[in-house]
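Note that the chains are named A, B, C and D in the order they appear, and that numbering of residues resets to 1 at the start of each chain.
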Amino acid sequence: MSETGPGTTLGVGMVGHAFMGAAHSQAWRVAPRFFDLPLTPRMVVVAGRRAEATRAAAERLGWDGWETDWRKLLVRDDVQLVDVCTPGDTHAEIAIAALEAGKHVLCEKPLANTVAEAEQMAAAARRAAEHGVLAMVGFTYRRVPAVALARQLVAEGRIGAVRQVRAQYLQDWLADPSSPLSWRLDKQKAGSGALGDIGAHAVDLAQFITGERLTGVSALLETFVHERPVAAEGGSALHGVGGQGTGPVTVDDAAVFLARLDGGGIATFEATRMAWGRKNAIRLEINGTAGSIAFDFEDMNVLHLYEASDEGRTAGFRRIYVTEPDHPYVGAWWPAGHGLGYEHGFVHQAVDLVRALADGTQPEPSFDDGLQVQRVLDAVERSAAAGSTWTAIEDDASGTPDGDRSE
Amino acid sequence: MSETGPGTTLGVGMVGHAFMGAAHSQAWRVAPRFFDLPLTPRMVVVAGRRAEATRAAAERLGWDGWETDWRKLLVRDDVQLVDVCTPGDTHAEIAIAALEAGKHVLCEKPLANTVAEAEQMAAAARRAAEHGVLAMVGFTYRRVPAVALARQLVAEGRIGAVRQVRAQYLQDWLADPSSPLSWRLDKQKAGSGALGDIGAHAVDLAQFITGERLTGVSALLETFVHERPVAAEGGSALHGVGGQGTGPVTVDDAAVFLARLDGGGIATFEATRMAWGRKNAIRLEINGTAGSIAFDFEDMNVLHLYEASDEGRTAGFRRIYVTEPDHPYVGAWWPAGHGLGYEHGFVHQAVDLVRALADGTQPEPSFDDGLQVQRVLDAVERSAAAGSTWTAIEDDASGTPDGDRSE
Amino acid sequence: MSETGPGTTLGVGMVGHAFMGAAHSQAWRVAPRFFDLPLTPRMVVVAGRRAEATRAAAERLGWDGWETDWRKLLVRDDVQLVDVCTPGDTHAEIAIAALEAGKHVLCEKPLANTVAEAEQMAAAARRAAEHGVLAMVGFTYRRVPAVALARQLVAEGRIGAVRQVRAQYLQDWLADPSSPLSWRLDKQKAGSGALGDIGAHAVDLAQFITGERLTGVSALLETFVHERPVAAEGGSALHGVGGQGTGPVTVDDAAVFLARLDGGGIATFEATRMAWGRKNAIRLEINGTAGSIAFDFEDMNVLHLYEASDEGRTAGFRRIYVTEPDHPYVGAWWPAGHGLGYEHGFVHQAVDLVRALADGTQPEPSFDDGLQVQRVLDAVERSAAAGSTWTAIEDDASGTPDGDRSE
Amino acid sequence: MSETGPGTTLGVGMVGHAFMGAAHSQAWRVAPRFFDLPLTPRMVVVAGRRAEATRAAAERLGWDGWETDWRKLLVRDDVQLVDVCTPGDTHAEIAIAALEAGKHVLCEKPLANTVAEAEQMAAAARRAAEHGVLAMVGFTYRRVPAVALARQLVAEGRIGAVRQVRAQYLQDWLADPSSPLSWRLDKQKAGSGALGDIGAHAVDLAQFITGERLTGVSALLETFVHERPVAAEGGSALHGVGGQGTGPVTVDDAAVFLARLDGGGIATFEATRMAWGRKNAIRLEINGTAGSIAFDFEDMNVLHLYEASDEGRTAGFRRIYVTEPDHPYVGAWWPAGHGLGYEHGFVHQAVDLVRALADGTQPEPSFDDGLQVQRVLDAVERSAAAGSTWTAIEDDASGTPDGDRSE
């Protein structure tokens, strides 16, 4: 493919260099060392707003060059992929411009802060795809081996038809009212709070593992701490500290909702950053007609599987330590039993993306998938605003045909 | 108290002798052997519908006599307490008659099948209380030591003000579509399905531990298996087997709902008998402003506690093995470390009831408490029937004054 | 059998009424209420040294009568079984006298404080058996359903031939140096410390589950706290508190040993009452040629099973919640999912004993089994005294023929 | 320091490029991206025996050059550190030569296959240290954050004086008799089996965390599978597959031993590669006078801590999710709650080594530390060969003064 650049390299230009930028950098650096890739990623250039911080980030994270204007990346011949790691309010502008400039795009989740923006992005992605320019949204938790195994098992029918899902994403880093404000607490920049930041992951994972989509929700949003100390501008790359005075929290602290799946099942969802003691507890439990699976990211190398067909006397949830060579992604790493960590999901994402680009096939999850999650988040907000009334999730038939979802 | 009979005995007459009857019998038998009781329970008489089965039950369960008409119990001088262990559709008639006959009443949960019945029962209990005749509803899980400890800790402020509750009661005994019909699947007899059978426990426990009440809900009910094999009449004391043909399931298989608490917190609830691999998973997790607690009945002797005030480097959920002498109820049993089982909750219930009767104080939970749970269940059903619309839980001020809830 | 008394009752006379006496009383009381028994136990008489304490115990524990001289029990026609719940130094005298008086005997573990005493007891049991008078030693943990299931699975070959055993019995009630002296810390009365008190259980369970016997050991014993406060005489029924001054600890606080099994496997054992935070952690893990099992009494209703034959991608330890009707002993109790507690093992022991007595078959574990455990304990002490030198466990061929071990 | 090369780089030459070589490569690549290092590692050259395999490894693992003779590395000016990742039988020759050539050395564990070799290596390291040339042995599990935290807590006295240690390293990759031979099963190349391969880690960790050393052991070694299929030469980089016929296993499959610590505590150790279902279960449990800690590498981001000083009613093991910024090494990575994996220990090892080299201080663990572990392994083998007789561990006062162990 000519789009993927001269020879066998894939030039990457990354926008943003905070938490997600560091994770993506590690992925580009490490992926070709463990996986056979048809294209070798090259860390060409990173863009940020502030010159000194960006220069330092380029050096620390290992990028060959840096820019303070992301538009510079779009005109460089040595960049074939733009990797968008900025807050959600900038996703649409950058991603659409990059696609229109003929650059493949990897965009962090949530795809956008509004359905309208997400629709524009998905439309741009569909147009670009006609010219072999491809876009992917970064729901990296799909690439945790235990999660990928869960999807495999469900797809193979090991738990039968899905009846019930309970999905939780529990954190506690905002439980303390003295935790400072950051862009993640600003509706303008983040779109929503726990809902979009972590609830989006829970929605994507539930849909990914079951292979189904939510059709409607009934929701409740709550903000427990309405005012927080101001963090210094750029004080922290990640969650921010420092600053003076207090400012308003304009997003939800917690989101809970009920849902129906298009296969007939029902679900409960919860996203919160106020659950003392839960640090990154992405918990999924799925009950089917023939069994159940359960996962908790705080024990990320483990998947629990119950099969109703097991002999009754010895039936029980199996604790599968997902570190064997025949588990998804695992064979490329270490001998059996040597667990992976958080960042490996980003490496796997890079691997899957590079392979799709080389093949000219649509990488998953697509912007249409990202749009659909955005529609779920939007329905949640509308339901919560309307007394938890049942709210259908619009499904744009042209945008998300069944064919997009098959693998 | 003259009501409690001659000397220091408390004559008990029990109605019903299936699962709950067996559990209550064990409680009356064992309680005085481990606890110092002001009145000694005497297992006077058991009533059932069928003579032979009732006679056999009396012998097996250790009752001095038996009757096929529960009304006979109400006229016996040697019965001071009527213990109602029948399906929910008979609770109102029996309990009200017993109270009016001057007998104390212990009534299994849910208090009734409808709010109307529950209101009549609560009214009868209030009238009886004026004459020192007392009524209690049997939410025995409150008496699991780990649950009682949870309430203590919350009441002491160890986790601060409650922000979020997630409560689940997961079973799987109906996940197999060939599991037969029983009275628990018949709306006439059971009132509702998972909602009233096990969801009622989840609601009571959440309210008990937090010391708060639900103010509104948004709900979804689902029946996954609409037709099941017929179980033989009286085929099984517990869940029933045998019989011919199939019949309709007229209750929910699963109930999920969101709720608000009167202290400002939010909650998610789930009750299901379709969750393969979960046998009796009553799970409660409560996040407060200062910490969290978590419980799972499948590991019933354990309570997990997180305190935000712990030194950061060593903070973590503490696995409290609730088997120490200073844990609620535990000191009466074995040396530290020797866990209790399901039935001990019934023993503790008997102990608490006997002590309240001897003191002439209102045993907890009262019929008013049972009525309030019934109102929650009713609101859940109404919300589910109205597209998950937010549905307030009526609070009858005269019936459930704050004073009733303090301890 | 004429020995089992008039009609269908089994008159029981119990000696001792502390911790074990309370547990045995509960077993005799409860067993006939849940299990169909060929003989109905009757709680005839309890014997103790001090009149007032024994009278109170009889009333509290529910015995019809009481005596201050255990010999009185041996001459009563209404006593067919003597249940020995006293410290180990009195077992031999009481049990042998009872057997010679034609009374069946249930004797708490360890069988005796010395091999010599145990040999006399086993010999007496063999003589009595010739006249249909039977003896059993009380290793009740065998009757925990998860343990009984473990034995079933091993016997069925589910984990293949046993290669390795790791057995631990960890408690912490002596970890605090201010925990007082009790008879359990006095070599004269208790024989040994952690070794005989709890290590004996670990040895019995390892042998019971594997169906094999230890052939030799290499051991280390340690006493960490040599002096403790004196507990008041009779101050506590269980672990004792009160008293003045300090006294010497004359037994081990912890015992660790390596062992070989007669099937070719190897094992590690540990017994300690000094492991802070472990309350009653009887842990057994057994690795065979085809799988593994693991158990921890602190989660007593669970057994973990790994089968090497499972599909590689989904192999894992199964958490079997041993509360289903087809699990050993469980069907007699509650519906699936309602766990049992510590005391249920005693009920099951009573059930198994009563059935064996009614059948006239040797109850398991026999006094010969108890003797063999005593020989293991003795070998441990001798090895520890001799620089951990490998020490063979004598196997008295006449006393413990293979036939005794089959079921 | 002039030894650390021109400017601020540290030129690394690695010998061996299989499992350990891949792990070390990842460490050199990643360390400077997350940690501020005084010297920047440069991946200069890798050496291997076979040209094509080595060339391919250099490319895949990211080394600038490659050699088939490791001696070439010793004469290169751009190599300041030789990283030895070969089987144990070559460690002494390579490491000693490198040290004598003035190169710093990082040598994989176990330090050598015999005490004699280890002594020579330690002596060489001591001589080299006089000239500022430093050596370190690679017990990477010390650098798992939860393990490093454990050591911190013990050193701070949080669990008091150590009384008991139970250390297990359980794997199952040899449980299947059809698993092929590899150099790890050949006594010539590997020195010993489970004992040296994984038992060495258990010994090092127990000593590292407690800050104490073993003074003697009583041991048992066992080989369960004496003959295995031959693996093809070079068939697999890691555990090897392919080949024809069978060959003898000349090392132990499992090693168990008792030990005493120099602080007065006792310990049990077990290393096995035959424990079906246990993939990489490095388990450490340490009981002190004031508390306990527990760790299992299969849940590597978690440390369990029990403190006896906790309020009795809420005491319990704390599950510390070791992913907070104030946990050892963690702050350099991701926001709280995002766990690390196996390979991160190697990164931390590289970081600690680079910092020590820049400071000119002795990196830990030293070759003397490695020698001491070798002496433990040797004592285990001698004890096992002598009927488990207690065998003291020689302590060469000149080689391992107390001063070496303090931090």
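Everything below uses one rule, namely that a residue touches a chain if its C-beta (ideal position, glycine included) is under 8 Å from a C-beta of that chain, and two chains touch if they have at least 3 such contacts.
Which chain is which protein? Per UniProt: A, B, C, D = Predicted dehydrogenase.
In this text, all values refer to a predicted model and were calculated from it rather than measured experimentally.
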Least step count from subunit B to subunit D, where 1 means the two chains touch: 1
Chain pair showing more contacts of the two, A-C and A-B: A-B
Geometric centre distance via CA averages, subunit D-subunit A, whole Å: 36
Subunit A-subunit C separation of Cα centroids, rounded to whole Å: 55
Centre distance in Å when subunit A and subunit B are each reduced to the mean of their C-alpha atoms: 42
Residues within subunit D bordering two or more other chains: 315-317, 321, 324
Subunit A to subunit D touching residues, read off their complex: 19, 22-23, 25-26, 29-30, 33, 60-62, 171, 173, 238-239, 279-280, 298-301, 321, 323-324, 333-344
Residue ranges of subunit D touching subunit C (in the complex, touch as defined): 159, 163-164, 166, 168, 172, 175-177, 218-220, 222, 224, 254, 256-258, 260, 266-268, 270, 272, 274-278, 285, 287-292, 306, 308, 315-317, 387-390
Subunit D-facing residues of subunit B, complex: 149, 153, 158, 305, 310, 312-321, 324, 326-327
